[in-house]
Amino acid sequence: MPLLEVSDVSKTFPGVRALDQVSFTLNPGEVHALVGENGAGKSTLIKVITGVYQPDDGELRYQGEPARFGTPMDAQHAGISTIYQEVNLIPLMSVSHNLFLGREPRNRLGLLDEGRMHREARAILAGYGVTADIRLPLGTLALGAQQMVALARAVMIDAKVVIMDEPTSSLEPREVETLFGVIRELHARGIGIVYVSHRLDELYRICDAVTILRDGRVVHTGRLADLERIRLVALMLGREMSEIRREGATAFSSEKAVDTGAAPILRASGLTSRRKLHDITFDVRPGEVVGLGGLLGAGRSETIKAIGGAYPLDDGDVQVDGVDLKRPTTVQAVRNGIAVQPEDRKAEGIVAGLSVRENIALAVLPKVSRLGLVSDARIDAIVERYMTRLRIKASSPDQLVGDLSGGNQQKVLLARLLATGPKVLLLDEPTRGIDVGAKAEVQSLIDELAAEGIGVVLVSSDAEELIEGADRVVVLRDGVVVGTLTGASVTTEDLMATIAAAAPPEEAE
Amino acid sequence: MTTATLTLTTRDLRAWLPKYGVYLAIVLLVLYNIFFTPYFLTWSNLRIQLIQVAPVVIVALGMALVIGTEGIDLSVGSVMALAAALIPLYLGYGVAAAVLVSLLAGVAVGLINGVLVARVGLQPIVATLALFVGGRGLAVVISGGQLKDVRNPDLIRLGSGDLLGIPILVWVAAVLVLVVAFVVRRTVFGRRLLAIGGNRRATELAGLPVKRVLITVYVICSVLASIAGLLSVARIQSSDASAVGLLIELSAITAVVVGGTPLTGGRVRVLGTVAGALLMQLVIATMIKHNLPPSTTEIAQAVIILVAVYVARERKAR
Amino acid sequence: KSEDSGSDGTGAPASAAAQVAQSAAPGAATCTIDQYGGTKIDLKTAKVGFSQSEKEANPFRIAETQSIKDEAAKLGITQLTTTNANSQFNKQISDVEQMIDSGVQLLVIAPLNSDGWDSVFAKASAKKIPIVTIDRKINATACKDYLTFIGSDFAEQGKRAADEMAKAMGNKGKVAILLGAPGNNVTTLRTSGFKDEIGKVAPDIKIVFEQTGNFAREDGQKVTEQLLQSNPDINGIYGENDEMALGAITALKGAGKKAGDVKVVSIDGTKGAVQAIVDGWANAVIESNPRFGPLSFATAQKFFGGEPVGQDIIIQDRQYDSSNAKADLGSAY
Amino acid sequence: MSTEVARETPAAAVEDARRAERTDRIVGTIQRQGALAVLIVVVVISLIAFPNFRSFDNTATILVAAAPPMLIALGMTFVIITGGIDLSVGSLYVLGGVLAAWASQYGFAAAFAAPLVVCGLIGVVNGALIAYTRMAPFIVTLAALLGARGLMRAISDEGSETYLVKNDAFKQLGNGSFLGIGYQVWLAAVLVVLGMVLLSRTRFGHSVYAVGGSEDAAALMGVPVRRIKVGVYVMSGLLAGLAGAINAAKLGSGVTVLGTGMELDAIAAVVIGGTLLTGGAGTIAGTVAGVLLLGVIQNLINQVGNVNSNWQQVISGAFLALVVVAQTYLVKLRRVN
C-alpha cells in the first residue's frame, strides 16, 4: 500500500497556476526524486502536502486514509517531517532550541529540561559532523551547518515520510556524504523520502523513482534507473534531446586563453578580519576566472564580502586596476568596478518588493539620471538590454522580483551587477538552487564576461562547477590560504587533497 | 465613483478597494454630511477643513517618507514645539530670520535622529522616542514656559492670509505634497529610499549610500515638521511650546497608514497619505459639528482606522 | 531678540494683587492643631514640600509656583522642596509620598485630581503632617485627611461667568461652551455652575454646543472654527479658561466677525484675556487667582501658632469687564 | 598586529577563535544585563549623594510606584519579543482602574474580575486582528488605545464621574503592606517570577521567541504562530487591566486622568532592558531593571529638588538616549568580534 498518495491536486496563486492536476505516489522505503525547472511547482507541491497551503482541489491519501493537514504541525504529528527549501530555522535562537523547538524534553514539573536538551543536542549533532557550541545562536553557524541542524531536526522524530527540498544546495561534498548516509539508513528503515534537487548526479546516486514537473504539470513519473540523464533534462526543460546533447555537465567552454602576462585587475593583499580571515592574498587578471575553494566556513563568503566592502576588515588592502582602495566601503567598491553577488540571494541580493526594472537599475541610478531626476527612457534601455541578454523570464519588467523563480531572481541580480559595468565580478554560489537550464545559462554567461576581459572570482560548493569554471583555484581553510591550483592540477582530487593536507589536528568549528 | 463600485465584480473590488478604499470612505463621509450636517456644502467649510488639516498633512508627508524606509518618527511633535518656541525669539529680526532659525532647529533634530538610526543603528522608535521626550521639554525651556503672542503682520498673514482666494497655508501644503510626490516618483533619492525600505542589507551591498539617504530622510521629516510648527504658530497667532503639535505623531502615522502605506516600508503612497489625513479630519469635524462627546469621537475614530486599514491591508498567499 | 523686547509677558511681581480670603461666614468650620494633631513648630526652620500638578507651561501654573517660592523666600523658609508631576497623577502621588518619606513637616499640594489621595492621606496622617491643598479641592474630610483647602469656588466662577454672559447677551440667544480637559474637576464644576445659573437667570439662552478645547488655545480655535460653520447664528461663547477663549477670538476674527458680534466670557484673568476686553473682543473675565503663596503660609503659621484656621478658605476672585479692564490690566497675570 | 597575524597558522587561528568566543560570552552577559549594571551604578551613586534616598521608606515608595508599570512592561516584553508592540496598555490601565473602582461595590472578586475580563477581551481583539488579518500591531493597538479610552469615558460620564472604591479588603490591598513592602509589590514580584518561568522554561515561552525570530520559519517548524500571538496580546491586556486595578486600590478611586504616555514608558523600559524591538530576543530580568531604572531616575530628580519641570523632561530624554546608545554599542562590539 502506498505511503502517500496525491491525486489531481491543483493550486493557483494570484497570476500563476503553480500546480495543475498533479498526481504523485510515494511508497514505503522509496527515495522519490521530484525534479523540474525553477518555478515548476516542486516546493508548492511539498507545501500542499504538509499543510502550509491548502489545495484548490484534488485529494491527499496518507497510509491509505484520506488526509488533509491544516497546519505543518498536523503533518508533523502524523509523521511527515520536512526540510523546506532555504534553511527554515530561527537564527537568533540557540542551536539546541532550534533542534528541539516544539518537542522539548520536560521534567516532571512540565518545565523544559535545558540540561538534558543540550546534552542530547550535542550528541545528535555530533552524528552529523556539527561540533559547534550548541548554546550559540544558530545564525552564527555556517549555512552548511545550519542545513545539517535542519536535517537532524527532521529525522529526529520517528517519521514515516521525510521530505527534503533542495537539502544539498548549501552543502559541500563531505556534508553531502553525511546526508546520503542518513538517507540510506532511513531507506533501510522503510521510510519514504521525497527528494528535491537540481543536482542530477546526486539524483542518480540516491533515488529510486522520479517525478518530473513542468509548469505545474507532471510530465513524467517512473523508475529513475530507466530514465536516461539527457532524457530527464529534456523532459524538465521541454526541449529536444538533440539540443541538450551538445551541452556537457556544465556549460563552461573547455578551451580558454588568459593573458598570463597582463597586470592583475584585482589584487587583494593581507585581508585580515578577527576570527574569520587571516592574511588572505591573491590576485585576478583580466579575463581570468579564479575559483575560491574550501569547505563551508572556510571564509570564502567573508573574503568576497570583504573585497566588496561589506565585511569589516582589521587589515589588508584591495587594488582594482591599479587603483588602491585600501579597505573600501561598499560605495567605493562599486564605484571602482567591484561587483559582488552575495551568497544569500533573498536576504542580501534582490529587493523582493520592487519590480525587475527597479532592481536592475538600482545600482546605476546616478548614471541614468540628470540632476537627480531619473530618466525612464534610459532605464528602459538598460533593462531591455539585460533582460534579453540574460534571457530573464518575467511577465513584464514591472513584475515584482519576489514572484520570480529562483533562477530568474539570480539573473536579475546578475543584471544589476553587469549594469554597473564592473571590472571585477565576485560571485558567491551563483548557481545555488537554480535549475539546469538557468544554471547552464549562468555558467556560459560567466565565460562570456571573462572573455570580455572582466576578472571573475567564483565561489561554489559544487566542485564540478568550480573545477570546470575556474582557470585557477585558491584554496582556503579556516580563513587562511592553504594553496593554489593552476593549469593541469585544477581537479577535484587535487582540491580535496589540498584541503585535507591543511587539516589541523582536530576539527575546526 | 459610486456607480463605478456598483458595476464592479467582487473580484475586481478585491483589487480595487485596497487602492481606493480611502477615497471611497471620504466620499461616503462627505455624502453623509451633505445630507445630515447643516451648512456643510459651503466654500467656507471646505476652507476650514483644509486649513485645519494642512499641518497634519505636512507632518504626515515626512512621516510617509520615514515609514517608506521601514522607520518611524515619534519626535515630530517635539520638533513643531521647538520651531514654535524659537520663532518669537527671532521675530525681532524679521519673519525670514525666524523661519530660518526654526527650520534649522528641524535640521538639527533630523540629523540627531538620522545619525542615531543610520550610524549608531538604533531602532527608529527608540531613537526618536528620546527626542519625543526631551525635545518638548527643551522647547518649553527655550520659551520660558511662557505662551507668547505673535503680532508680526507678515507671519500672521502667512497663517490667515489668502492667495487667489485660497489660504496660503493650503497653498504651502499643496506645493509640499506635489514636491514630495515628485521626489518619491521621479528622483534617484526617492528610488533609493524605497529600496532601503524594501531590503536595507541588499541595498547596502548594491553600493548605495544607505546611511546618507536615511539621514536625509529623517532631516526632511523634521524640517517638514518644523514647517508645520511655524505655520501653526502663524495660524494661532501665538507660540505655545507646551501645546503645539501635541500627539500629532499619532495623527500623522494614522494618516499615512490609513492612506495605504505599509509600515513594513518599501512603498509610499503620497496622495493616499493626504487622503488619510483628510479622512480623519472629516471624521473629527463631523463629530464636533454634531456636538458628540469625546467618548463617541474616540470610539468612532478607532473603528474607522481599523476598517480603513483592514480594507487596505496586504493580501498574501503566504 | 524677541518681537516685543522689553515689555515681556513674564509676570508682574507675584506680590501684585495677592489673594484675599472671603470673610468666612460666622460659625464656618475651623481647625486647630489640637484637633488635627501634630506639634507646634517654627515655619522658618520647617521642611516644607510643594507638589505642583502641571508643568509650569501656562500663566496660571507659572504664577502659582512662583508665588509659593517668592513667599517662602520672603518668610525666610530655607527648606522648601518643590516637585512637578507633569500632569501625571501617579507621579504626583509618588512625588508627595517621597516628600513625606524625606520628612517634610508641611505639605502644600496643588492636586491634579480631586480623588485618589487615600494612600497619601494614610501616610501623612500617620506622621501628622498638615496638608494644605490649593486651587483644587480634594474630596475628603478637612481637618482629618488634610488640614484645609485654599482656593476658588469653581462652580461659583461658572455661576458668575453665567451672570456676565446673560448680561452681555441681553438674556437671550444661543451660547456655546468650550469645555476644559475632559474628566477634570475644574471642567465639571465650571460647566455645572454655568449651566445651572443660565437656567435660573436667563432661560431664554439656549446652550446649543459644548465641545472640549482641552484648556488649550489651538483646540479652542479649531473647535470654534467648526462651531461657527455649523452654527453661524451663535451669539455667545463661554470659555472655561482664557486660553480657549483667546483661541475662539482668533477664530472669530478669521471668520470675519467684528468685535462684539459674539459675546465672549471666560475664566482665569490672564493678561491676554484682560487685554482682549480692552480691545473689545471679550466681554468679561472671571479671575481665578493663582497667587497662593501668602495665604497658604499665613494659614500654616496661624495653624502652627495654635490658632484655629478655616477648613475651607475660599478666596475672593475679582472679575474684569470693560469698566475696569484697562485700569487693572497690571494686576492680571 | 598585522605582522603577528601574518605568521598565524590555522591552529593559531582556531586558538584565536576560541579566545574570541570567550570574550563573546563575557560581552554577551554584560550586554544582556546592561540595564542592571546601569541601575546598580545609579543606585550606588544616589545612596552616597542623597541621605533621603537611603531611607527604607523611600525604597518602599519607589517599589510601590513601580509596581503597575512593572506589570505593564512585563506584558509588553512578551509582545515585543514576538516582534509586535502594544500601544493600548495606557488606555487599558485607566479603563481597568475605573472598572475596578466601579465593580468594587460588588465585592473584592468583582473588583478584579471586571477589569480582567474587559481588558482581556480587548487583548483578544487586538491579538485576533493582528494574528488573523495581518494588520500591523502598531496600528491595531493604536486604534485600541483610542477605543479603550473612549470606552473609559463612556462609562465615567466623559471622565467626570470618579467611582470610589467601596470594598475595604480591596482598599487594604492597595495600602496594606507585608514586611513594610506594599502588597502590590509582592503581587508584581510573583507575577514577574511566573513570567520569567513562562518565558524561559516552557514551550509557550520558546514559541514566543521563535515567532519573533522568524514567523515563517516558526510556522514551518510547527509553532502555532497565531495562537501564540493572540496569547501575548491577551497577556498584555490582562496585565494592563490588573495594573489599573491595583492602582485603583491604592488611590481608593477610579481616577480617569491617568495613563497618557504610559505605553511609551513601558516600551522604553523594555528596550532599556535589552529586548530587541525587532523581536526574537529579550529577557524579563532586563525589563525589571529597565522599569526600576526609570523609577529611580524619577526619584533622583526629586531628590535633587527644585529642578524645573521642563528640564526634568530634557534630562529623561537625554538619559534614555544615553542608555540605549550604550547598549547598542555593546551589541555591536559583540557582532564584530
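A few notes on this one:
As written, the chains take the letters A, B, C and D, and residue 1 is the first residue of each chain.
In the analysis below, contacts are C-beta pairs under 8 Å (C-beta built on N, C-alpha and C of every residue); 3 or more make two chains touch, one makes a residue touch a chain.
Small disclaimer: the values here were computed from a predicted structure and weren't measured.
Interface comparison, B-D versus A-B: the pair with the greater number of contacting C-beta pairs is B-D.
The distance from the centre of chain B to the centre of chain D, each centre being the mean of the chain's C-alpha atoms, comes to 29 Å.
For the pair chain A and chain B, the distance between C-alpha centroids works out to 44 Å. Our note on geometry: chain C versus chain D, Cα centroid distance of 36 Å, whole angstroms. Distance between chain centres (mean CA atoms), chain A to chain D: 41 Å. Chain contacts: chain C has residues 55-57, 182 touching two or more partner chains. Along chain B, residues 140, 145, 294 each make contact with two or more other chains. Touching of two or more other chains is recorded for no residue of chain A. Pairs of chains meeting the touch criterion: A-B, A-D, B-C, B-D, C-D. By the touch criterion given at the top, residues 72, 74, 116, 120-123, 125-127, 129-138, 140-141, 145, 250, 253-254, 257, 262-264, 293-303, 305-306, 309-310, 313-314, 316, 318 of chain B touch chain D in their complex.
Of all residues in chain A, those touching chain B in their complex are 13-14, 53, 305, 308, 310, 330-331, 333-335, 340, 342, 347-354, 358, 361-363, 365-366, 369, 372-374, 416, 420. Chain B meets chain C in the complex at residues 37-39, 42, 44-45, 48, 51-52, 88-93, 140, 144-152, 160, 232, 235-238, 240-244, 246, 285, 288-289, 291, 294. Interface residues of chain D facing chain A in the complex, by the touch rule stated above, are 1-2, 5-6, 8-11, 13-14, 16-17, 20-21, 197, 201-203, 206-207, 209-210, 212-214, 216-224, 280-281, 336-337.
Against chain D, in their complex, chain C makes its touches with residues 52, 55-57, 80-84, 86-91, 93-95, 97-103, 112-119, 122, 139, 181-185, 187-188.
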